[in-house]
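Each of the two complexes below includes subunit A, the first together with subunit B, the second together with subunit C.
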Partner chain A sequence: MAQEHPHQSAADNYFLAPGMWATVRNGLAFLALAGWIASIAGFATNREQFHFSYLTAFLFCVSIGLGALFFVLVQHLSGSACSVTVRRLEESIMRTLPFGVVLFGLVVTGIHYTYHWSHESAKTDAVLKQKLAYLNADWFTIRGVIVFGLWTIWALVLFRKSRAQDVDGAIAHTRNLVKWSAPGLLLLFITASVASFDWIMSLDPHWFSTMFGVYFLTGGGLGFIAVLILICLALRNAGYLNNAINEEHYHDLGKWLFCMTAFWGYIAFSQYMLIWYGNLPEEIFWFKNRLVGSWEGMAIFLVFGHFLIPFFALLPRASKRNFKVLTFFAVWLLVMHYADIYWQVMPVLHKNGISPHWLDLATLVALVSTFGLIFWAQLRERPLVPVGDPRLRQSLAFHNA
Partner chain B sequence: MAAKLPFMETNGDEPKYYAVMSDFNTPEDLLRAVRTARTAGYTQLEAFSPFPIHGIDEAMGEGRSPLGWIVILCALAGIALAILLQWWTGAIDYKLVIAGKPLFALEPSVPIIFELGVLVSAFGAVIGMLALNKLPQYWHPFFNYTAHAGASNDRFLLAISATDPKFKTDEVKALLDSLGGRNTELVES
Partner chain C sequence: MADLALDPRVELNPPLVTGGQTYADLTEKISSITEQPPPKQWYFGMAIAVPVALLLFGCLTYLVSTGIGVWGNNIPVGWGWDITNFVWWIGIGHAGTLISAILFLFRQKWRTSINRAAEAMTLFAVACAAIYPLFHTGRPWRAAYWLFPLPNEYLHIWQNFRSPLMWDVFAVSTYGTVSLLFWYVGLIPDLATLRDRAAGLRQKIFAIMSFGWRGSARQWKHYELAYLILAGISTPLVLSVHSIVSFDFATSVLPGWHTTIFPPYFVAGAIYSGFAMVVSLLVLARWIYGLQNLITLKHLDNMCKVMLATGMIVGFSYGTEYFIAWYSANPFEQFTFRNRAFGPYWWAYWTMITCNVLSPQLFWFKKMRQSLVGMFIISIFINIGMWFERFVIIVTSLHRDFLPSSWGYFRPTWVDIGTFTGTIGLFLTLFLLFLRFLPAIAIAEVKGVLHGQIQREKGDH
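Right, the complex of A and B next:
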């Protein structure tokens, strides 16, 4: 059996040292505590700013979890061998999604502050009153719970089957995972559209863009790849997975980072160009509101920072195989992903220009460290790679042509 | 034997040689032979295999293909061409206001910029690849080797070129034989 000696072709230790695991956990717990205390202080003093900052940070974290779910599904469907060694880390990021429904609660409590379709004035608005059957607090909550419920089912099933294969190495799990992944991918795009329509698009309830779900998911996919690269490189610096994730695998992750950068540019531009060309009042105002004052500078910054600069920087083969370049652009693109969501959400609150607030940082620290803790909990006393996967050996020997 | 036409006649010089060639059983044998020959100081090698072999480029000391540079230059040329085309036709040669849009703007020009960039890149990639591979090429001295057919079936061929500074027929033959090559031959060019 191929799975009998999963360790033999690599000298890596697939288990984190308990001491190291605990140190990182304590660091994350401290950050979470500090972040949540600051966030609660903000909640008590400035509800409106809190809910907008929280929504931005929440979307940042959930989109990365969805990016992970997307990549796990695609990996099972494509049957790719090259990426098997990073799949457990992907699954562990995906495994943070079930907890998101708890954090969604704070979005629900802020509906009145963030979404003006919940105001009395919406009932007299000629356009909005027709949308209220869909856009109301009850249905908003129910839809949120349903999409999180579906993501939870898939995240748990995909994770458990993969873990079960660690133990028995049965090929039946691989086949079963493919069967779950096909409808999962379809559902992911539908649910991500529903979620992004509700959570971001309905901030401007008059506005609509059918490709908004893809835009949201693409940003999440990019953020996820950036996070994955950073986690892999951090583990490498700590002495883990030096052979299992080598230069060849990083080259592939770099290709994905490049690919998602290009795809984000494609989707973001397509949405902008169609609306620019149509120039219809009911569509164009969304962009006009985001080109007021310093928001315009931020939009131009996104064009260069989120697309043009990383696109040309990540184009050469050498930069995808250089860990320093890869680290820099992974951090850079994560910042850009946050900036992208910030630019979508915040102009609703601060109409005249960028207005940074300490709550932006506090909620971001609170949520990232919370999601980080859930991710980190998955790695405790569990192998860092899917040791039972029949394609593991092929992945360990992977070589870019 | 085909009749010799006047222009095909040689001046009666001794025959020119292409290489000493040998064929090997497995990709591993070929890789080992390439590495040994390179260690022995031979630089003008050519390997023939029915499928790509991992590590053969490194073993042969082949650099990266310049094709990527050709493609990016073509892409930039396509982008420049697309901007020029749309700006000149729309804003200079035939000014026509459509739906109140500017005569030239970057936003609606991007799809054409993208398409022409891709089109010219694709031409650059295909034509550049053919040119770099010296294709089309109807005849190659490789076909003079009696066992050449194996290279498209199940044999792994190595040629040490006669242009190699270290080339001495007997030494090369002995080297390839010692590495397990079969059908070692001096091949005419």
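Right, the complex of A and C next:
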């Protein structure tokens, strides 16, 4: 329960040292450059592989941005005090979403390679020809721009109002943010569903699952919490926010990591079990294709790695308060999140089993470092916590019961 | 904090107990309800609820002595009001568990004034729900052989563990057991309070019921830990029970039933209907017993927001189902959803949409979230809408199956209607008895909230 202890806080430096900021930026910029050069080489030599690898990395990064947007919205709506100190970092991850639309351009240029509803043969397919009014390159692009447009509006508004509060500390911003967050949450569910249907589900255009949007967003939420924990711990190692984000806050973040792991297990199990149980030819093939050859091993690995192992490992209180355990499982679950998307996307290209390609790594490095740079740019000469938030003091003094 | 017009500390942490109450006031206010003769509204309520509850027993007697042919169920609609009512009642129970368990883990202190009544409501709703699976077998004394893994070579009845109906039995009985434990553990300190105020036989009864609670620091320490563990155990139950109820439908291959979004969508719907029922009951209880200082407008405002949020999830799910029905390009899926909205049961479908999707939109306005009459009416609408949701899912998917020659139209019989109305009577009877004999608000927990509030005012930070 949040109790107030006036002696805490204040000791933290809320601004990154310019030198340290520049060093990290240079590192990220170098990685981005290397990643993009390699990716461009792959683009020129193996377009099909490039677009599949790129799509996987793109979905990985965007889903984490959406997870950030989700948690920022929920935080404003619930008015929770304990999580205020991590909110600026969340907002900075969310703030990467507006740039996604540029990177979406490369997905659009790859439509012909990745989405076979764009092929001539779709016009004669008894099922697909009925869907072409929806699944076509023009509408795919327009829908992508619209969903990114909406995420951009919300990301910018939420970020700006929060920044404005840094300066004047007015509670009016808090009220205003609540007003924006309620419709934002609704729109997020709708747009994330549309995005997941378009970007992943339509890779197998015959297939459909009403759960898919929830599944996508849940994975993103989990990936986001893992990223957030890692960023907080990295800043801690660099000597920042030792008081503002202390053991109590990590305990809470660990609970969220656990909670999202459990929720992902619930959603993934429900989707699989219902389709397996029904065993209808128009649905079951999606899982069947993902259980061919070594894909089956990967599916079983996901059951353990994405759910069972982290579930039991994160259950005890002690592991959520242990930074080493927390770091390990945050990294682990990020890898699992990537593996989950990989398992959804890649069997369309490599039908007979897992076939790792250097482009998988190259595109991942390129996109993660690009998104990382955008994130890092938000932290330059800006406070790392929302210093004007009226609940900040409660958050600083927060204790788990 | 630059905004001086309104003290942000008050706005961000609004008082959850108003009227300058002391600890003694709280004890007196809540305990006296059980100690004094009930107000005339209570008698009025019982005068309606008890006869209606008796109707239930009449209908069930008739059912058992005649056979389930007295219900309207028939091929092609083999599941009618029985399972509609079962799902509706189970769903209503979910608000209690959400408030007591999940809101506890999320540190939502406003739950303290409403959790006791909501948990009691959960138990009564589960009791009403349990009637349907038991009696739809027609021979409830043999139902145990279907439902529980009992040796039964003699009867040649075998449980099908691969059936979600079987999983339901385990899910619901676990849910009922944990909810009862949670509710009762919460009651123990308050029962001891009642014991300490009572004399004679009443004191003896409460002494037994409170398990000799003395309120020592040691006891409180264990109590709080037990409470936390029970909250942790209850949390997955909020998801599991209605997910498994949704599996009853979704594991089939019937268009309109077989869809993957069912588990979370059913859970959201359950919480939605549960909160609607809590609001309906608490608005009345608050008025009858003058609990305005304990169940404040802030509490009701929050509950309206939960209804808005879960109502939107339900609406989102309806939309997703329609979109995917079109997107699937499966003619059977498409027919089922067209038939739902424009077929013979169009009236049920549009009642559902009006009540579940349109009516909660009024909660976007603060005025509606603060209007007792307004929220009471909307909560009744939502209760109706959620009943129709189950009716629409069950009956419209069944009544026109794959063979047009066997299409039909389900009509309830008077026994269907009587049984359903009867369970509402039973539910209200149990709830009124609860209000009469047990502390309807968690005294000890509200005192904890009041303590924090007083500390804040004293310390002025």
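Everything that follows uses one rule, which is that the second predicted complex is superposed on the first by the 392 of 401 C-alpha atoms of A that agree within 3 Å, B and C clash if a C-alpha of one lies under 4 Å from a C-alpha of the other, contacts with A are read in each partner's own complex, and residues count from 1 in each chain.
Here is the rule we go by: contacts are C-beta pairs under 8 Å (C-beta built on N, C-alpha and C of every residue); 3 or more make two chains touch, one makes a residue touch a chain.
Every value quoted in this text rests on a predicted model; they were computed, and no experiment measured them.
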First (subunit B), second (subunit C), both or neither touched by A:T261: neither
Which superposed partner A:H399 touches (first subunit B, second subunit C, both, neither): first
Which of subunit B and subunit C A:G213 touches, first, second, both or neither: second
Partner chain(s) touched by A:R317 [first = subunit B, second = subunit C, both, neither]: first
Partner, of subunit C and subunit B, that touches more residues belonging to subunit A: C
Which superposed partner A:A170 touches (first subunit B, second subunit C, both, neither): second
First (subunit B), second (subunit C), both or neither touched by A:T191: neither
Subunit B and subunit C footprints on subunit A, overlapping residues: 273, 277, 279, 401
Residues of subunit C touching subunit A in the complex: 1-3, 6, 8-9, 11-12, 106-107, 228, 236, 239, 243, 247, 250-253, 258-264, 308-309, 312-313, 316-317, 319-321, 324, 327-330, 364, 452, 459, 461
Residues of subunit A touching subunit C in the complex: 1-2, 4, 6, 78-82, 127-128, 130-131, 134, 168-172, 174, 182, 185-186, 189-190, 193, 197, 208-214, 262, 266-267, 270-271, 273-275, 277-280, 282, 390-391, 393, 401
In the complex with subunit B, residue positions of subunit A that touch it: 269, 272-273, 276-277, 279, 315-317, 399, 401
Contacting residues of subunit B [partner subunit A, same complex]: 52, 54-55, 64, 68, 72, 99-101, 107-108, 110-111
